[in-house]
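Working notes for the structure below.
In this document, chain identifiers A, B, C and D correspond to the written order of the chains, with residue numbering beginning at 1 in each.
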C-alpha cells in the first residue's frame, strides 16, 4: 500500500487531492457522483461576512480549453454558513476548509474569528485573489503590503490552519508568497483565476455582465505550474497547487513542481467524479514508479 | 432525486431537417426516473471547441423501450458535433438535472403549452405526463417558418396542436401571442422558447390571471448547483436556474 | 468596397492584419502558402545587436490550446539582417517591422540606430517582453521605470514608427503602457507570451531545456483581450492586439476591444495561410454589418 | 521546392498491428514531387489534445496510383486520432518539407539502410529511389520484437533485408549494431530510428570511415522554418531540423 498522507502546515490531509473553492459548492452537490470521504479536502464556496448576491447574469463564458466566471462571491454570509450549512456538512469524512473573502480587513478578521471554533473546520483558505468583486478581493493579493496586512490581521485572530490563496495577476508571485509566509500563513494555495475577457463579435458586446472575469481550466495550467514551481522554491511552508488540473497526470505535475497537495476546480463541472479518479491515478503512478509515499514526489522534479 | 453520470448508447440520430436532429439514447440498465422539465448535461467529445458540457432538455422518455430522446438545434460547435454522432456511439450524460414542471392535481382542466423553436423540446414529455393525468393539453407551437415546427405528430397524440409561423408557411401567420386559441379559457400555461416569447406569454398569463410556468435556458457551466453561473434574478434574489429551475412560476421572477 | 486601411502612429497599414514576431520568420518561409502582399504588416524575428544561438533544445511544448516556446531570440544579429536579409525582403509589398531586443539599454539603442535608415522598414517593434532570455528582455517590460528608460533611450535615436511590445506578466499593464506612451512610443503592441511551464510526469523532467517558457495560442486569448481592452482605454496611441488569434472572429474581438491592428502568431504554424483568411473574414464581417471602414470597429465594444 | 497545403483523401487506413498503421492518401490532382527523407505536417482534427500539426515522414509515393503513404506508430493522442481516420476522410497536410537523403551518383555500390521501430518509415521510399539508381541496398531493420518490424515484404523488393529483435522473435537477437551484416563493406549508411540507435550507427560509421546520414525527429511546432523550435546543435551552431534537416550528414552534427 502506498502512503498518501501529506502534511499541510498544522495539519495532515489523508491524501493530496482537494477540491477548489467556488467549484465544489459545499460538497453536497457532488455526493451522488463521488464518494466525498475519498477526497483529501474540500474547500467550500467563497464566504463573506455578509450575504452577497454576486454579479448580474451572464457570469460565465466558455473559452478555448477553459472558462471565464464572474460569480462575484455569491453566498449567504458566514453566519448563515455556521448556522445552516455547517451542521449539514460537518460529518463528512474529509477536511473541510472555508474560503474567506472580504472587502475590508475588518471583514476578513470578523469572518475568520467566527470560524475559529468550528470543530470540524480545520482551517480556512484566505482568498486575497478574487478578481470578480469591486472592492477588496484581488486588490489585497496584488501588492506585498496589502497582502501582508490582511494575513497579519487574520493570523492575529485565527488559530487553526491558515492557508492563503494567491492571485496569479501579479508581476512577481514569489514576492507575495514570501510576504504572506512572513506574516504567519501555514500554507499557500495558488492559483486563483487569471483576469480575462470574452466578447461576442456579432453582437459587439462582452459575454460577461462585468466585462472581465476569472479564467480557469486547462488553458491556465502552464502558468499555474510555473507559479507553483516559483513559489515552492521561494517559501518553506507547504504549497497547494491548482489551475487546470483535469487528471492524475496534471496533478502529479503540480506535485513534482513542489505542491504538497492539489485542488481541482473547473474539471469538476465536466466530470463531477474527477477528484476520485485523480486520486486513483496518483496511487497507480506511485505503484508503477515503486514509490511508497506521495511525499517522495513533492518537488521531485529533476532539473 | 438521485443524480447519475451515465454512458448511454446512441440508438439513432434522426436528422429532422438542416437545423434539428433527434437523438434516441438507451442504456444497458433501466433509465432512472426523470420528470418533465428536467434536463441532462451532455459531454461533447472529439472537438477542441466545446470544453464544457451542453445542457439539453429531456424531450421524451419511453420507459418501455428504455429510450431517452433529446431534440437538438444546431447553433454552434457543440450541437454541430452532437449532430454528427452515429448509432452505437456512446454519449456521457449527467441526469436528471433541475426541477420540473408542476403537474396539476385537478384533472379535466385546460392547459396551454406554448413552445417556440427548440423550446418545444421539454413540452412533449410534459404533454405526455399531463395527458396521463387526464389534463386537456393545447399545444401552441411557433416558429419562424414551418421548418422550425417539429414533432407535430407526436404532440397531437397528447392534445390539440395549434401553430403559428412568422412567414405564414404553417398555421396562423404571426407570433404565438397573437394566436386565436388564446381566447380560450386556460387554467395553466407552460412555456419554453426564446426569452421575448416567454415574456410575452408570461405577460398574457398575468393579465388573465392564469398560473404560468416558464422554463429558462441560462448558460450553464455545471448544471447541478456547483458553480453559481446560471442565476436568474428572482424575488428571492439570485437563484440558480439549474437547481431552482429551469422551471419557474412567473410569480417568482422579476419579469 | 470596404476601407481596410488603419492608422498606426506615424504611418498607415493597408489593412489591420499583421503577423507576429518570431512566428513568421522573415516572411519568406510563408511565401508558398500565402500572398505576402495581402498582409497589412509583417514583424520579423526578434533581432539583437549580436548573433545569438538561442536556448538549448527542447524549446517547445504543446499545451492545452496553446504552446510554450523557449527559443531565446536565436538570430544572426542586426548587421547580418541589414546586409543579408533586408535586401531579399525589402521589396515585399507590405509594411515590414523589425522586432528589436537587447540585454542592455545600449544594445537597444545601437540596434535601433542601425535600422533607422532602412527605407523599407517603416518601424521597429521594441520587444521589452521576451520571457526567454536571461538578461534584459522581459525584465525591461515588467517595471514602469525600466520600460520608460529603454523607450526614452530608443526614442532619442530612432525616428520612424516606434511600436513598443508589452509583457503580460505584470500586475498592472495599463501603468506600463502609460509609461511607454509618455516616453514617445508611437504605438503599443501586446501581448507577448505569458511565462509558463510544462512537465513530463513520467520522466519527472521539465519539457523545456529552460524549465519555463512563453505561452501563446488560443489558451491566452481571454487574458490578451482583457489587456488590450485595459490598455486601449488607458492610452491615446494606437494599440496592436495579439494573443491566440486563430480566425477573423478572434481578430474582430481584439479590434472591438480597442486594437487598431492585430497580429497573428502561433496560428500561422497550424495554418500558414491563416493571415489571408483572417483578412477575408474581416472584410466579410464589415460587409455583413454594413460598415464601410474597419475604423468604425476599433473600440466599438458596447458596454 | 515549392511547398503546398493540401487536403488529401484517405484511400485506406491499414491497421498493421496494435501499434502501427499505414495511411494511403491521394488527391484530385497529381501529387507534387517529393524526395526521400522529406516529411509532411498533418493537421489532427476532432480532438482537443493535438493543437499543433504532427510531422510524419514520407513512407512511400506511388506516382502511378497518385498515392502518398504514411506509416505511423500510435504514441499519444495525435497519432491515436489519426489511427481512427476512415476511408474517404480528408486529411490536411503541408508538404513536402525538409531536405532529403543524398542519392549517391555512383551506382553498383553497397549501401546500408538502418531503421529502428517506426524510423524505418522514410527508408522505404529511399530504398526505392536508390534501387532505381542502380545502388545495392541492404536494409537492416531492428525492433523490440517482431511486431515492431514492418513492411518487410516491401523492403525486400528493393534490396536484401536483415533484421534484429531484442527478444529474438525475428532475425538475429540483439541490437542492429551487433548484426553480422555489419562486417560487409558499405559505401554509405543511412539511418533513422531512436536516438541511441542512430548514435551507435553513426559511431560505427565514423570508426569505419563510411559516409553516413541520419534523419532526426526533433519535436516541431511549424515544420517549415518559421518557429526555430526544432534545432539541433551542429558544427554551425543551432540549425533547424525541419529545414536544414531532417537528414544530416553525421559530420555536421556534434555527436
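Couple of notes before you dig in:
Heads up, the rule we're going with is that contacts are C-beta pairs under 8 Å (C-beta built on N, C-alpha and C of every residue); 3 or more make two chains touch, one makes a residue touch a chain.
Please read these numbers as outputs of a predicted model, since none were measured by experiment.
Looking at the partners of subunit C and subunit D together, they share no chain. As a whole-number value, the distance joining the C-alpha centres of subunit B and subunit D reads 55 Å. If each chain is reduced to the centroid of its CA atoms, subunit A and subunit D end up 47 Å from each other. Averaged C-alpha coordinates give centres for subunit A and subunit B that are 36 Å from one another. Shared interface positions of subunit A, i.e. residues touching 2 or more other chains, are given as 61, 63-66, 217.
The residues of subunit B that reach two or more other chains are 48, 51, listed in rising order. Taken as a graph of touching chains, this assembly forms a single closed ring in which every chain touches exactly two others. Inter-chain contacts, as defined above, occur between A-B, A-C, B-D, C-D. Across the interface of their complex, subunit C is touched by residues 2-5, 43, 48-53, 94, 218-233, 237-238 of subunit D. The touching residues of subunit A, counted against subunit B in their complex, run 22-25, 29-30, 32-33, 45, 53-54, 56-67, 69, 71, 74, 217, 266, 268-273. Of all residues in subunit C, those touching subunit A in their complex are 61, 63-66, 68, 142-143, 169-172, 194-199, 201, 203-206, 211-212, 215, 217-223, 225-226, 229, 244, 249, 252-253, 256-257, 285, 300-303. Looking at the complex, you find that subunit B touches subunit D at residues 46-48, 51.
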